[in-house]
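Consider the two complexes below, in which chain A is the common component and chain B and chain C are the respective partners.
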Partner chain A sequence: MDNTSSSPLMIDRLSVSYPGRKSAALDAVSWHIKPGTLNAVIGPNGAGKSTLLKAALELIPGRSGKALFWGRPLREVRRKLAYVPQRSAIDWNFPVSALDVVTMGLYAGIGWLRPVRKAHKERALEAMARLGIEDLAASQIGALSGGQQQRVFIARALLQDADLYMMDEPFAGVDSVTEAKIFEILQALKQAGKTAVIVHHDLSSVERQFDTALLLNGRTIAQGPVKTVLAKDNLTAAYGSGRLLAL
Partner chain B sequence: METLISILLFQGGYNTLLVLCSTIMLGITAALAGSFVMLRKQALAADALSHATLPGIGLGFFLAFTLGWDGGRNLPTLLTGAALTALLAGLSIKWILSRTRLNQDVAIASVLSVFYALGIVLFTIAQRFEGAAQAGLDSFLLGQAAGLSMEESLIIAIVALIVLGFIVLFFRDFLLLSFDATFAESIGRPVHRLDIFLTLLVLLIVCAGLKTVGLVLILALLIIPSVTARFWSDRLKPMLVIAAFSGGLSCYVGAALSAAFENIPTGAAIVLCAFTLFSFSFFFSPRHGLLTTRFLQAGKAEKP
Partner chain C sequence: MSADIFLQIDLPALLLAALAALACALPGNFLVLRKQAMMGDALSHVVLPGLVVAFLFVGQIDPLAMMLGAAGACLLAVALIRLFQRSSLIDSGAAMGIVFTAMFALGLLLLESRIGSRVHLDAKHALYGALELTYWPAPLTLETLPPQIKTLAALNIALLIMLIAFFKELRISSFDPEFSAVTGLKTAWISAGLMLFVALTAVACFESVGSILVIALFVCPAATARMLCDDLRQQVLISALCAVLSAVLGYGLASILPRLLGFEHSLSAAGMIALSAGGLQLAAMVFAPRYGALRSS
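The block that comes next holds the complex of A and B.
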């Protein structure tokens, strides 16, 4: 097998420019991810981390460049991908229960016009149990804490039974129990040969948990094994020297 | 009062029965489609659509008048005109949003008022024509269900069936679109098409309801029942059922009131009925009602 078709995600000079803005939100980023690895996307606010994920998944306009999954275009491999959007994009007053949300992970597989069956709900409850939130199944999602809400979305992604997981800031504003739970799940996914790309902001845990990292600030500052990416020069280039002292 | 009771018991004669049935159907389907409008926070956009029907009705009248179709009273022409200018307003909003950095509310509000202003000008001119009064142009503003013809009831029934059918068929897609459109897109659902589709369903209801509720107040029929229902349920399916019930009941009582006391416009009567149900829910619904939760909290405080 050649390199391209084994790589779960290969990004080639991916750029994004928003209308009416001069500088690009993402400037010719290339990245090559190996199967069975955990990969972090890091960088300061507004560095284009979320934009990178959304552009690869064709969720935003103004893209140029390429993103290939196992050497194939997105539309051929959708069912092998699971995307966890940023929590802040959700309306928490929406009338759905935690179980309803997790079950959405099966929607792509349940045929049009076919009902959601008991077996589907049982699978959803199993995924919730893996994250320790099965007791909250009947709760309206707004009644959950931030960490519990995040676990609901991870459970939904697990139910998609994907080979590549792309998560946008899953650790933002969560409690330590949730953080540990999510890392546990990520390591289990890796053991099972799955791949994950995670937008992350906590540099201290990157080194412990991830295999490779991409450091962004509009353009690529550094990429490769976590240790080399986190070298002081790279961080200064991305965050500026002032911010670095605080880390 | 006796008239009101006999109407409520469906004994007000054939024409009143026709009006009641079609208005109830309108209320049920408006509440269902309106629930998604409310959940997607697009109430203002729906209001723009309904106000933008006005110039279309005026243009439709001129066209039908010039061509000598029923002296301008030709309903299909009026409704097609209404749908077309509403559609044009929707496209204008989309165009402004994609070409400028204006906020959504500003774009919608500007389009709404410009289309409405244009409609008022056309309407004023139309009033000078002979036959404008007979064409019942006034009833398009605030609704006058009493004069509903068989043809108009049939239009409402067909629209109701279409909307109901599509909401049942696309329930999961509309749920995903409203709750988490990015996720829906990531699993390959055609969110842009679904969005347009839902808007077209709302447009159909607005046009069907013009004669009954009127373009100024149709928004209330879309939005209020779903807000009422939200007080009673934390899940979408039961919420839709309650919204449909609340919308249907408001239309039933409102249309009966308007038929019994002839000078009340139907739209206004229906909206006040919907508001009564809303107020009751606001104070007394078991989980989210203002007084109920106060009472429960007081109970909790006393226990220890």
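The block that comes next holds the complex of A and C.
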């Protein structure tokens, strides 16, 4: 199965159910991602987009099915992954500076019982410079704008020097300059042969920026090349028609 | 005469109060940042029946037996909470509330009915501690230093070592637990380790300063420090200073000041220390340069 071992992420009938709720949050979703591609997870609110990422990363209970990275389980490949959590998962009042947060991308490599050194901070500053936020290094994370905060988290992911980037709504609440910057970074990652899986909500930019998409609404509505996924029938099936669009 | 009173009574009490305050404030920073401040409260209550049962078994205040009793009580509490949660009609907050208050009440009842006031372990001390009973007998040597002071000093050293050794891991797992988990950090172990130290601290401080003061000191110094800076390392240092300041200020106001003014009675030292910690918090909330109510912006 050479096909499996080259795939950065292969999800096989992944389901998530919460106790006390009848319908599954995620119902037997399968997805096969090719290396060097940008992949979008789209769908209405509550469709299970974040749940898919979190289930693949073993962050939530109640999972069944499996997710393999390059044909191997998560615990063997953690250092090749970078995860950008949803903005709402972060406590913005926490007493850390932007530089502290970016440096966290190196913690796993620094290891137990070793302190963060100057050389680590310099590398973090370089990653921040790539996103144009090196001037904000000393700012407390909550004092930054939404776009700046998201750039901090992308810089942290870049510092992890991963092969697969999984980002949960990195474009939520960001300004247009930041959005352009993040897409620029994603395209550069793709050029370097890296792979990204992005939970996304803006259908208009999906076609321009991504190679494949997975359209979810609890279960898989459509998947494959962006053009076919965005066909009108699929969107109606996922979002409903007319006024139901927002749901 | 006055110098003797200070050396033999005030100094050990001050030391004990300051060490207890410091021991609570250090892990308290992470309780507050993880929004688990009530865990300190809960653990300090839950251990009481364990301490009483341990005392009944051993017949004296023995540190090891007390720790084992406290640990047993914590395990029982966790099991009971799980049991209530499984019924799915009671949410986890309510389940904790039921278990902690019930166990504390059980502890008080056991204390009153089985031990009474024969020894200095009674309901009043469980709540307010026994700072005033601390006494450093002459000759004032390390050997005659009250054992609680030595226990708390050792606990503080252990807390400092843990804090320095795992500072990076505590910071990342408190700030961004999902990210930490994906990088492979065992966040559940860090969390369990923190809770272990919180429980140890609650037990070690319990005897000398009482459970009310333990609750105040887990939360107030850390919350005060958070108002005054934006850096975790600075916050821990400032919280340590606030804790020691609360202890000295509170003890001074309760015991030394009334004596200097010629009053015969002193106030509850533990109560005044908790009040001082609350007072510092209030002052920070009003006057803190960036986050206070009177900030310039």
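Odds and ends about this structure:
Going forward, the second predicted complex is superposed on the first by the 241 of 247 C-alpha atoms of A that agree within 3 Å, B and C clash if a C-alpha of one lies under 4 Å from a C-alpha of the other, contacts with A are read in each partner's own complex, and residues count from 1 in each chain.
What we mean here is this: contacts are C-beta pairs under 8 Å (C-beta built on N, C-alpha and C of every residue); 3 or more make two chains touch, one makes a residue touch a chain.
For clarity, every value in this text was computed on a predicted model and none was experimentally measured.
With chain A as the common reference for superposition, the partners chain B and chain C occupy clashing space. Contacts of A:85 after superposition: both chain B and chain C are touched. In the superposed model, A:140 makes contact with both chain B and chain C. Of the two partner chains placed by the overlay, chain B and chain C both lie in contact with A:108. Residue contacts after overlaying the shared chain place A:100 against chain B and chain C alike. Contacts of A:59 after superposition: both chain B and chain C are touched. Contact with neither chain B nor chain C is seen for A:193 once the two complexes are overlaid on the shared chain. Overlaid on A, the two complexes show chain B and chain C touching the same residues of chain A, namely 19-20, 54, 57, 59, 75, 78, 81, 83, 85, 89-91, 94-97, 100-101, 104, 107-108, 110, 113, 140, 156, 160.
The touching residues of chain A, when paired with chain B in their complex, are 19-20, 54, 57, 59, 75, 78, 81, 83, 85, 89-91, 94-97, 100-101, 104, 107-108, 110, 113, 140, 156, 160.
Listing the residues of chain B that touch chain A in their complex gives 39, 41, 98-99, 101, 169, 172, 175-176, 178-180, 182-183, 185-188, 230, 233-236, 239. If you check the complex, the residues on chain A that touch chain C are 19-20, 54, 57-59, 75, 78-79, 81, 83, 85, 89-91, 94-97, 100-101, 104, 107-108, 110, 112-116, 140, 156, 160. By the touch rule above, chain C contacts chain A in their complex via residues 33, 35, 88, 165-169, 171-172, 174-176, 178-179, 181-185, 226, 229-232, 234-235.
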